[in-house]
Amino acid sequence: MSSSTPETVAAATRYLDAITQGLADALAEDEHVVLIGIDVGAGGGIFAATRGLHERFGPERVLDTPISEMGYVGAAVGAAMTGLRPIVEIMFMDFVTVCLDPIVNQAAKLPYMTAGALSVPIVFRTQTGAGRSAGAQHSQSLEVMFAHVPGLKVVMPATVTDAHDLLLDSVRDPNPVLFIENRRLYGMRGELDQDPLPLGRARIARAGDEVTVVTWGQSLRECLAAADRSEVSLEVLDLRSLVPLDIETVLESVSRTGRLLVVHEAVQDFGAGAEIAARVADELFDELLTPVRRLGAPAVPMPFSPLLERSLLPNADAIAEAATSLRKEG
Amino acid sequence: MSSSTPETVAAATRYLDAITQGLADALAEDEHVVLIGIDVGAGGGIFAATRGLHERFGPERVLDTPISEMGYVGAAVGAAMTGLRPIVEIMFMDFVTVCLDPIVNQAAKLPYMTAGALSVPIVFRTQTGAGRSAGAQHSQSLEVMFAHVPGLKVVMPATVTDAHDLLLDSVRDPNPVLFIENRRLYGMRGELDQDPLPLGRARIARAGDEVTVVTWGQSLRECLAAADRSEVSLEVLDLRSLVPLDIETVLESVSRTGRLLVVHEAVQDFGAGAEIAARVADELFDELLTPVRRLGAPAVPMPFSPLLERSLLPNADAIAEAATSLRKEG
Amino acid sequence: MRAQSADGRPATDGLSPVQRFERMALIRSFELKVSELYRDGDIPGFVHTSLGQEAVAVGVCGRLARDDYVATTHRGHGHCLAKGADPGAMMAELFAKGTGLCHGKGGSMHVADPGHGILGANAIVGASIPIAVGAGLSSRLLGQDRVSVAFFGEGSVNQGAFHEAANLAAIWDLPVLFVCENNLYAEFTDSSRMSRVPSVTARCAAYGIEAHEVDGNDVAAVSEAVDDALGRCRSGSGPILLEAHTYRWQGHYEGDAQPYKPEAEVTNWKARDPLVLERGRLVVAGEATAEDLDAAVRGAEDIVERAVSDARQADDPDPMEAYADVLINA
Amino acid sequence: MRAQSADGRPATDGLSPVQRFERMALIRSFELKVSELYRDGDIPGFVHTSLGQEAVAVGVCGRLARDDYVATTHRGHGHCLAKGADPGAMMAELFAKGTGLCHGKGGSMHVADPGHGILGANAIVGASIPIAVGAGLSSRLLGQDRVSVAFFGEGSVNQGAFHEAANLAAIWDLPVLFVCENNLYAEFTDSSRMSRVPSVTARCAAYGIEAHEVDGNDVAAVSEAVDDALGRCRSGSGPILLEAHTYRWQGHYEGDAQPYKPEAEVTNWKARDPLVLERGRLVVAGEATAEDLDAAVRGAEDIVERAVSDARQADDPDPMEAYADVLINA
C-alpha cells in the first residue's frame, strides 16, 4: 500500500474493497479528486464499490449523475482540464459506446492538439467480465479499442493489491487513464502489497521456464490455475496495463522460455493479444522455439446461456492444453 | 461492374464517381434501399458523393438528417430490422465516437441475440484519410475497433472499381457492413471491372516473389509506388475487407515469398495489422524467412501541420526501405 | 373477419376489458414467479421485473395490431407478454433453454419476437428509442400503417438518444408512439432530482410533440389514451408521447433491497394495485363477475406454471448455437 | 486597480464600447484575411470563418474576465480573438508554424489558449458543450467565481451532447453561460427544417434553464444581455442560455459556394453588418468619431498584416514536435 495512504486495510481484502479503499485514499489525499457517475453517491454504486464515500466525503466530492454518459463523462473531461482530478465511472464497459467521444477525441487528444498547454488528469473507471450471463451488451472486453488510441493509458488490475495500487497510481497520473476492473474478481480475496509495483510494469505472477503465458484481467486466475495443474513449467506474466506496454519484461521472459502463449478474455480476432504476439514474433524471431499462440474468445457476441458462454471463454484447461501442445511442438 | 446494373460508367472514372454510381445503382435496383445522413440530400454531400441522388430518387429515398448521429444511425438500424436496407452515412470516421452504440451493441449483436429472428441489412458508410491537415479529430482510421466486434463486416475499398463493386456488394449483403472510403482517393481515376471480385476476397494488386506486402485503403497506392521503385520484387495484396479476412490468399502468397510486410495508415500499435502479422507468424512459422514486419502510423494523434503529418504516415519510400531490409535479413 | 378499431385499423389483437385483465394477470403471475425463480438461482443473469406496471403494458399493447412494432428496455417482460409473445417461450428464454424465444442466447434483457412485432428488450438505456423510430420510418416509407411503440423509463429521457430520436420522429412525422413509464426511480435514484423539469410531458414541448399524462395504473385510462393517440399517429401527423405515471414495486433489479424508497410511498402505490383497481371497475360495471376474474387469475397462474415446468424440462441449447447467427451467409 | 463590473466581479478584460469596436474590427480583418489566404493555398486543412458574427463573440467575451472559461466549436476564431488570444500566435497556428498557439499541432479547428481561459475550438459538433459544463463544475467545486461559456451553433442543439450537458448544468446549478449563435444554417441545411421548434430559447424550457433571445448583430445588446446573465450565473442560480440571432456570411467552410442560400436573405443580413451598426451607434452617441473608428479599423488591419508576415517567416514546428505531448511523464 502506498506510503502516503493513512488508512490500513485488513489482510485478505476483497478486490472490491481494495477498489473502495483506493477511491477513499485518492479522495483523502487530494481534495481535487472527485467521483462522478450514476448511483455512485448515496446508492453506493451498483456493485457497492463506492459505498460509504458519499457519507464520508460529501455530495460535493461524490456526485450522482443522470443517465447521461456523454454529458457527464464530457463534463468530467472539462473538469480535468480546469483543476479537478475526476474519477468518472462508466458502469459497464459496454456503455463506452454512448460516451466514446470525450474519451477518444477529447481527453486522449487535447494535450497533444494544444502542444501540452492543456492536460487531462482523469480516470475513466469501468468494469467488464464475461461469465455471468449478463448478455452480449454487458459482457464485452473492449480494451483494444482504447489501447489503439494514442494518448490514453489502459490499466487492467487482475489482483487485489493492483485494484488498490494501480487505481491510486492512475489517479495520480497526469494523463487520462482507462481503468478497467473485472467484476468476476470483485469477491476474490488477497493481500495488499507493502511495496507496490508502479503502473507500467508487468509482474511475473508465476516463475517458470518452458512456456511464457502473458495475460491480464480475470484471465490471470485461469492462467495460474493452468500453471498449477500443467506438467509444463509456465511463467505467467500479468501485464497490468496495455498502455504503457511493458514489452521488455515479456521479451525477457520469452527469450528464456522460447515459447509464448497470450491469453485474454476479449475476442481473439483483432484483440490486444495480436499486438503482443506480433511484437514478440518479430523481435524474437530467432529465439522462438515455437510459434506464438493466442487464446481469446471466438468471434461471437457473448450468449446469455451460461453453458454456451462457458464454452467460449478461455479456461484453465484450454490454457494448459495449449501450453502442453506448444511444449510438444518444439 | 455488376451485371444487374443498368447504368454504364465512363472509362477512367473517379473513385468518388464510382461511389456515387454505386449508390445510384443500389437505389435503382432495390426500392428498399434508402440513403440517410447529414446533407446527403439536397446538398449532395460535403464531398459531393451523393450529388444528384436526391433529385433522381426523391426525398423519401434520400433523407437529410439533423446533426444527431446517435439518433439517425440508431433509427437506420431500426429501419434495417423492419424491411428497409439503409445506407447511413457517418460523415467522418472520427464521428463514430458519437454513435457507436447502434453499430456495436445493436446492429452487430441483434441477429445473434435473437438467434437469427432479426437481421440488420445495413451499410454504415463513412470515410477516413489522413494527410490533408484535417487535424486529430478528422483523420483517424479506426477500423480495428470494428473488426474486433463480432457481427460486422468491415470493408475498405482501395480502388475505383471496388468503390463501386464493394459498395453494391455491401448493400446486397444481409449483414451490417461498415464501408470505409478514403477521401484521399476521391480524385483517383481508374477503370470499372466487368467482372468484379466478390466481397471477402483479397486481390493480388501486383504479383511478385520476394516480399508479400499486405495492405488496404489509401496505403495501397503507396505500396504500389514502392513496388515500382524497389529492386526487391514485391507482391502487393489489397485486402479489401478486414471482415471477412481472406487469410488464405495472404498465406498462399507468403508461403511463396517467405516474407511479409503489413502496411496501413492506422496507428500501428494494436492496429489491424497486428492480427494479420500474428496469424501469419503462427501459421507459417516454419516457412517464414524473416520476421513479419508492420508499418503503420506511430502512436500519436494526427497533427495539423502538413509537415509533421507527412512525417508520420507510411509512404512509398518507407515501404520500399522496409521491404529491402526484409530481403536483406534472410 | 377481423375486428376493427375506432380508426379503421384491423385490430385482431385489440383486447376486450376482460382479456386485458387476463393479460395483466398473466404478467403479474409471470413476474412474481420470475422473481422467486431468480432468488432461488434458477434464472441466471440480470432480471428486472415490471411488477406494479402491468396496466401500462396491457393498456398500450392491448390496442396494437400484431404487426405493429414494439421496442423496449431492460424492463420488458410485461411489454412482450402484452404484445402476444408466448409465455412458455419467454420463460424458456429466461431459463436459457434451447426452446427459448432466442434459443437461450438473449435472456431477460434481450427477449425479442419479431413475429409479434417485438423488436426486443435492450440492455443499453435509451438505445431502443431510435430503433423504434427507425421502425416507424420503415412503416411510413413502405406505405404500411403500422405504428411503432417505444417503451422507456423516465430515467432514459436524460440520454441523448431520446433527445435525438424524438426530434427525428417529429420532423419526419413518423407513426411513433413514445410511451414513457414514469415509475419515479432510475436504479437507486429518485428521478425528480435528475432534471429541473421532472415532467416528461413538459419536456416534449422542445420537440413539438404532443404529449399527455395518463394514470399508468388504470388500464382503461391507458387504453383510451392510446386509442386516441394511435389514430393520430397513423394519420401522418407524427409522433405522440404518453407519460404513464406508475410505480416499480420491486427493486431496480432482482436482489435490490431498495433502502432508498420511503415506506409510505411503497404502501400508497401498492394500494393502487392496477389489478385490484381493474377488478373493481369490471365488477362494478358489470363487465365481469368476481368469479370470472378469479378464474382468469388461476388461468394465468396455470399458464405460468406450465411455462416453468416446460422450461425446466427443455433442453439446453445445442452447443453449436454459440457459433450460429453471427454473420448470415450472403 | 481593476475595473469592477456591475456584479462586483473584477473585469480587467471588460471592454469599453470603443474597445469592442476595435475587437470586432480585428476579427473582421482576421477572418477576411484568412479567407483570402485559404483560397490561395496558404492555410491548410478545413477553415470555417465567423464573418458576420463578430458582435456575438465580442459582446460575450468583452464582458468576461481573463480567467473565465470559453469552449467553442469549429467556428471559433472570433471567440478566441475576442477572449484575448494573440492574433499573431493564432495566425501562426493557422499557418501550422512552430510559433503557433498549439505549435502547429492544432490548427483552425483546435486553437486553444488556456492562459486566456480558452479551452479550445472543437471539431466534433456538440463536444465542447459538456467540456464547458465541466469547467463550470471546477469553478463551483473549487470555490472560484469563474463563469464558463459554451459557444455553439443552432445545429448542434440536435446533438445528444447538448441535451445531456444542459440538463447537467441545470441540476448542478453551475455557472455556465450557454451562447447559441443561431446563424440559420448548419452546413448546407436550413436549420429550421431540422426541428419542429426552431427556437432554441423555447427548447430550453425542457431543462428549466432561463433563456433569452438577443440581436446577435448588435454588440451593445449582446453585452447588456451577457452582463445580466453573468451576474445570475455567478450568484449560484445555475446556467443561462442566450440565443443570438445572427448570420454566417461565408460558406460553411471556405470553398463552399452556398447555392442553398436565397439571395435576398444574404443581402438583408449583410445590410445589418454588425460593424456598420456599431459604428453608427458610436458616432451618433458621440462615443467616438468616424476618424477614431477608421483608425481602429486600420489598426486592426495592421495587426493582421503583421500576424501574417510573422507567420510566413516563422519556423515550421520542430520535427520532434510530432512525437511530443502524447503522454505526459508521470
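Going in written order, the chains are labelled A, B, C and D, and every chain counts its residues from 1.
FYI, a residue touches a chain if its C-beta (ideal position, glycine included) is under 8 Å from a C-beta of that chain, and two chains touch if they have at least 3 such contacts.
Quantities reported herein were computed from a predicted structural model and do not represent experimental measurements.
> By the contact definition above, name the pair with the higher C-beta contact count: B-D or A-D.
A-D
> Sort the other chains by how far their Cα centres are from that of chain A and give me the top one.
Farthest by centroid: D.
> Using Cα averages as centroids, what's the distance between chain B and chain D in whole Å?
The mean C-alpha positions of chain B and chain D differ by 37 Å.
> Which integer distance in Å separates the CA centroid of chain A from that of chain B?
Using C-alpha averages as centres, the distance is 31 Å.
> If you average the CA atoms of chain B and of chain C, how far apart do the two points sit, in angstrom?
40
> In chain A, what residues contact two or more other chains?
65-66, 68-71, 94, 97-98, 101, 105, 112-113, 135-137, 150-151, 298-301, 303-304
> For chain D, what residues touch not just one other chain but two or more?
In chain D, the residues touching two or more other chains are 102, 105-106, 110, 122, 124, 158-161, 163-164, 167, 171, 193-195, 321, 326.
> Mind pulling up the chain B residues that touch chain C in the complex?
Going by the criterion above, the answer is residues 32, 34, 60, 63, 65-66, 68-84, 101-102, 105-106, 110-119, 150-151, 153, 169, 172-175, 199-200, 244.
> Please output the residues of chain D touching chain B within their complex, sorted ascending.
These residues of chain D touch chain B: 44-46, 93, 96, 102, 104-110, 122-126, 155-156, 158-161, 186-189, 193-195, 260, 316-317, 319, 321-323, 326.
> Per the contact definition, I'd like the list of chain B residues that touch chain D in the complex.
38-39, 42-43, 46, 64-71, 94-95, 97-98, 132-138, 298-301, 303-309, 311-312
> Quick check on the complex: what are the chain B residues that touch chain A?
Residues in contact with chain A: 70, 94, 96-98, 100-101, 103-105, 108-109, 112-113, 135-137, 142, 144-145, 147-151, 242, 245, 266-267, 269-275, 277-278, 281-283, 285, 288, 290-294, 299-301, 303-304.
> Touching chain B in the complex: which residues of chain C?
Those in contact with chain B are residues 69, 71, 101-103, 105-106, 110, 112-115, 119-120, 122, 124, 127, 129-139, 141-142, 148, 160-161, 163-165, 167-168, 171-172, 321, 324-330.
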